[in-house]
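In this document, chain identifiers A, B, C and D correspond to the written order of the chains, with residue numbering beginning at 1 in each.
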């Protein structure tokens, strides 16, 4: 059988002392951290689109990347080669999951029916590959933003035919996700938002989006898909303003339309920072509100205003993210999907390995640091002590809903000058450093 | 009686041809625009704190502003002079409303009880002034961010005594707002957020904030206050991250805790842009979700990352804001409160007049432009046509909830290539220019 | 002869009262404003690339735009059609200038030599069109960012062969610009910057860029090109950090390498705001430092972090820009080039007209407002008075270099408390509004 | 003698295994790294103003910090206690340098003469303390932004008397810096910029600033001060736009006015990020252009738009900064000044120690990581190889200035398709992680 990355063997854990670039410094899938192995904690996933269809083009430049399957002319054969390459890649890397959009894996046909047929044929191959390799589907999704018909949105399009087409596409994508035993299904509908309010009926667009999602959830139920349904917040890009701006906006939407029992969130690091939040904020917010579903593991550049989708290599970010994941009791059935792409200037196939290794090592180290932090209780005990006045007296009454403004007023009038304690931020940052550097 | 601004007479409308700086170019309170006078549409309010207590200090500089009442040494006498100056100012300016924080109008005493007494005494004077002049209270609020005890927040403080104190303060502020026939009551609790997640129990803090607001609403009901209760979103500053980040975050909170029937939003222009939204976005979002309550009329500097609270002088912004207000059927019982301060370098008392005149003229012109735009139907008809496919056929079924993915799929499979129309943004921007420039 | 935009006649000035969308509300080329006609002041230029080669694709979406020449299969025939369409367009619009990149007008061949031949052939056609229509070349430029070889930069590439290729390309572009009597030549080398400092020798890259520009200027001189040479600042995108970050950075570079006599700047509005400056700041800075050469007239979205290149429709921005241009004594030999593209959702050919009309009207109105402002002297006289202490006494000595710290110290020790005046920002913003709204 | 921090002993190095919060995990002043001790490399300095005069107030809140010297009523006695506390603090912390503004150490008098006398008296005490403790003056500066007279700037003020006063103040500050053997003198004139261009003569203001600096340099020479003179760039805050926006803008200014031989730059981390640059970018730019003079070691919050001046605790940032410092051959006579303040919520005196320990440990670890990175040559050799085409052939000719566009054109016409190599960013980020985590 053809091999797409013959220069690469299975990537092994060798530890940080090793000089080998094609080895893990920190990720050892079998290493037990707390009650699970690293692999079980991290549930890494490769994003099919970034890794197997990106070509390095950007708004100012032509493709820079030549992949081993680029010479195949027949679109279906090329698509199949890409799938085989993907499984070879994931196998060599030792990643247990992948994610895909319907339109990334299979070429479009001349009609929706033909496109569906193409998709079916490729999905059959994927099914075969899943059986052969130890790789499963974390989530599927429908790509509702690339084609010109989606220029004004999918579910939020001003055109009802587009809405219907989007529905048909999601229906099919749900079908194949179910067929492949996908554990989740994601909605990121990148044109559902607006370019200018001057031409936009925001109320109708939001209502229609809710109608769409409700029908999607009903259909998922009808076909027996019991995976998790996920919305993915992003503030802007490609549109000027997206309706799922951030976790809070998506949560507001879910609450308004009574959809919060049926959908959770897929939180992406780069989308968080574009929205003016840290990654850990979005995770904490989603966790606190019971909607932390899955994670797109990447990073942005806080000085750049677009979605750079870089591989996550900042160990502070991975530590704080894994802290939230541990406090959440893990992410299952979600996972850590590398929604990340190698830079345009990192155009050699080997860079795909370097990028993923960099990200996997950073998360492995972050897991160990976060676990040590949790185990030590240094943060938790500080926080518990800080809020202990809510454990008894008037604090307890507040928490139990057993007081009112009259009583609180009497309490306040009787209280001597209040002395609050230091927030100790600088000290806590030193503590964090110790766990990041010596986990 | 003493006069604080003897160099200024009542500000009159003179039109743009006039050279008089102390006159309105566009604001003519009696001018009828559509079904109301300008004054009825705009419901302008002066912010007591910015206009009568700001001293021009900033994090790098000492006060620059000397006001006529600054020489009075006794704090209560100074506070009273300030109140009389405020009403003289508002009367000369012809502004029908004002807003205040409890701690801006009256000095603190040695205890909460004494502070309350001070407040009562000043409120009696305000009551007298309200009767004398044609000026009313748009809203009152409690200042829960200045004092050291609020360093970690008010309702979200880790200390239950602080929570109680905040409750007592809001109780009193509600009492005096009711006494003064205030039409609204605002909650902007600027320390309710976090400095670092490392020391923060976000879940408890949000729950407590909801408990606080529920008790506040109950208390308002108890005392027969039938004004509107308002949350004011702001993304950051003074804290690193505020819980009421933007309209959507505040709405999510209200929905989660079933408070959306009892609270609406006070939308501020500068807070909108700090959160990465346009002013008109926040207004549209709030309007669409039924929670547009009132407006803090100011502007930020999109290139600066803090709350500059400048007077609103951009006629595009005022036009688009008034468009939302008109589409909302007006703001009543809310209004347009100038939460704006003159620049540190505009330290002369006369600059207070220039600032408000600039803002009032900009909103008056914006009202006329927005009204002309609404009347013409140029935008509305474009938008209606754009979404007309939801008026019949499959579109109507979607909107009426009378279809599902199976039917939509069949429809999509039968649909010929979909042709959508241009969004026409550039043309619509020309149209907007025409109404802004020739209303 | 074929007509590409048969649905459009010559765009005429009809004034704001007219309902005609395909007419100017404010731009009347013959109208005299001060000492020149509007056309002479504004020197509008169409950007060939945006208007005739953009297809509406973005990082998340396929092309949306079908142009009349898109069906022509032969690349040279298509290129020729595009040129003829461009001149028809410019003629109908009444724009007197255009700008182009070498690679936008003519297709690449299999070798540099063949590419050069293609370019020559197209340039011959352009020459013919220039003669036929009343349209001239504002500036030419070489596109040194699209091809994969430029992935790490052109003049700043780590590869000397790429440097040589870039030189060859600029040489040819200078040749054809000279042949077409271009009045300027622009350098925007979008990959001259870095993606990561980890792999970058900034010192060598800057030195090489200076060597490149010096050779370019020498070559221009050799061939007798007496147009203006221009650098175009941009802070980022496509690279993480561009060497010509803003006007000040470009000016620092020119001073360091003694190139400030040979190059001026092409200031772009959207690049200004991406760099954290207002458009008028960059114009003022360039003007003050004697390097204001030409202008790319567009606008960004201050809430978005990428180069949106929208048509300039904000009359405040155009007024303040034209104020700088008037104070500069005009822009000649530079001009106002619409480096702007219609939105992806404005994909119909007619939108190209709407976009340009919107921009031209906004600048025409801005010119009138700026002219009225200058004529009135309201700003100038305020500013002169503000600085009048430098006209005599110690101020005069400071300006004339006729004092030192010893004397200034004695002066300060003798000075009574200093009273400075208000900066009057709010009042000046009202004044600006009056001129913008009633020019 | 009174002790201000009796609860703290001398802070010792105990290593990361120690549980002691008041000890260094990484900073061991005597540890030799390469050719110097840690202390010699790092040259830490305490900022007098942040550490001994900040009170925790912010634009929305009252002071939160009570210091041991706050109860002393007499201003001069309080100032002296503060100085003694400072030296006790620096001694316990083991920091070898400090920095101060004239107005932070001594109170203002009723006249400039009296203020100068106060300063003299305090400086005498400082001189005494310097002798007693092993602490020296890294730099002095004059505070030209706090007082109302500086509302429109110091050297760039529209008022010549203000210019003179600023000159007198700098003169005195240079005198005392010389007297205290200060190794540098810094100019950060926080109001030298503008609030609005509408009232600003940028040309005159820049010219005057240059005149001011030239006179300052002349005066420094006159009095035999042979320390380094430094400009400190900052983009904005307190003004809307500062003239020393970033390193490049300051360098442009120095080149334009022929001041680059007399001034270098004091680069601050937080100012870098406010200007849209990374800290390491500003260091690299300054180093490459020969003007890296000293460093203000702190950090901002990239999601916040103001100068948060936090203690630097991100080891990536300190590693990349120390990499530049090492490549610069050290910073002498500059140093690493902690221009950082504890958070408003970290109001206890002990937090001052925690903050500095956090910063010193982060820089110590960064030094070790950077040193290991340099020693290993992993980056350097990659970079050298990347640019090796400039070592011979056409590349060498380019670098030696021995070619022209004609020759380069011939070379390009002869060159076969150019193949450039990958930039390897992801791999290099893995390498960086290895050195940060295992130095």
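To be clear about the criterion, a residue touches a chain if its C-beta (ideal position, glycine included) is under 8 Å from a C-beta of that chain, and two chains touch if they have at least 3 such contacts.
All values derive from a computational prediction rather than experimental measurement.
Chain pair with the larger contact count among A-D and B-D is A-D, by C-beta pairs in contact. The distance from the centre of subunit A to the centre of subunit B, with each centre set as the mean of the Cα atoms, comes to 36 Å. In terms of their C-alpha centroids, the spacing between subunit B and subunit D amounts to 40 Å.
Multi-chain contact residues, meaning those touching two or more other chains, occur in subunit D at positions 148, 151-152, 195, 236, 276-278, 303, 343, 345, 347, 423-425, 429, 432. Taken chain by chain, the contacts link every pair, so each chain touches all the others. If you check the complex, the residues on subunit D that touch subunit A are 16-17, 21, 25, 273, 276-278, 302-303, 311, 313-316, 342-343, 345-348, 350-351, 354-355, 357-358, 361-362, 365, 421-427, 429-430, 432-434, 436-438.
Residues 111-113, 148-149, 151-152, 157-165, 167-172, 195-204, 206-208, 211, 215-216, 218-219, 235-236, 241, 245-246, 248-249, 251-252, 255-256, 275-278, 280-281, 284-285, 288-289, 320, 379, 382-383, 386-387, 389-390, 393-395, 398-399, 401, 403-406, 408-409, 411-413, 415, 418, 420, 423-425, 428-429, 431-432 of subunit D touch subunit C in their complex. Remark: subunit A residues 56, 58-64, 145-148, 150-152, 190-191, 195, 236-238, 240, 274, 301, 303-307, 343-345, 347 touch subunit C in the complex.
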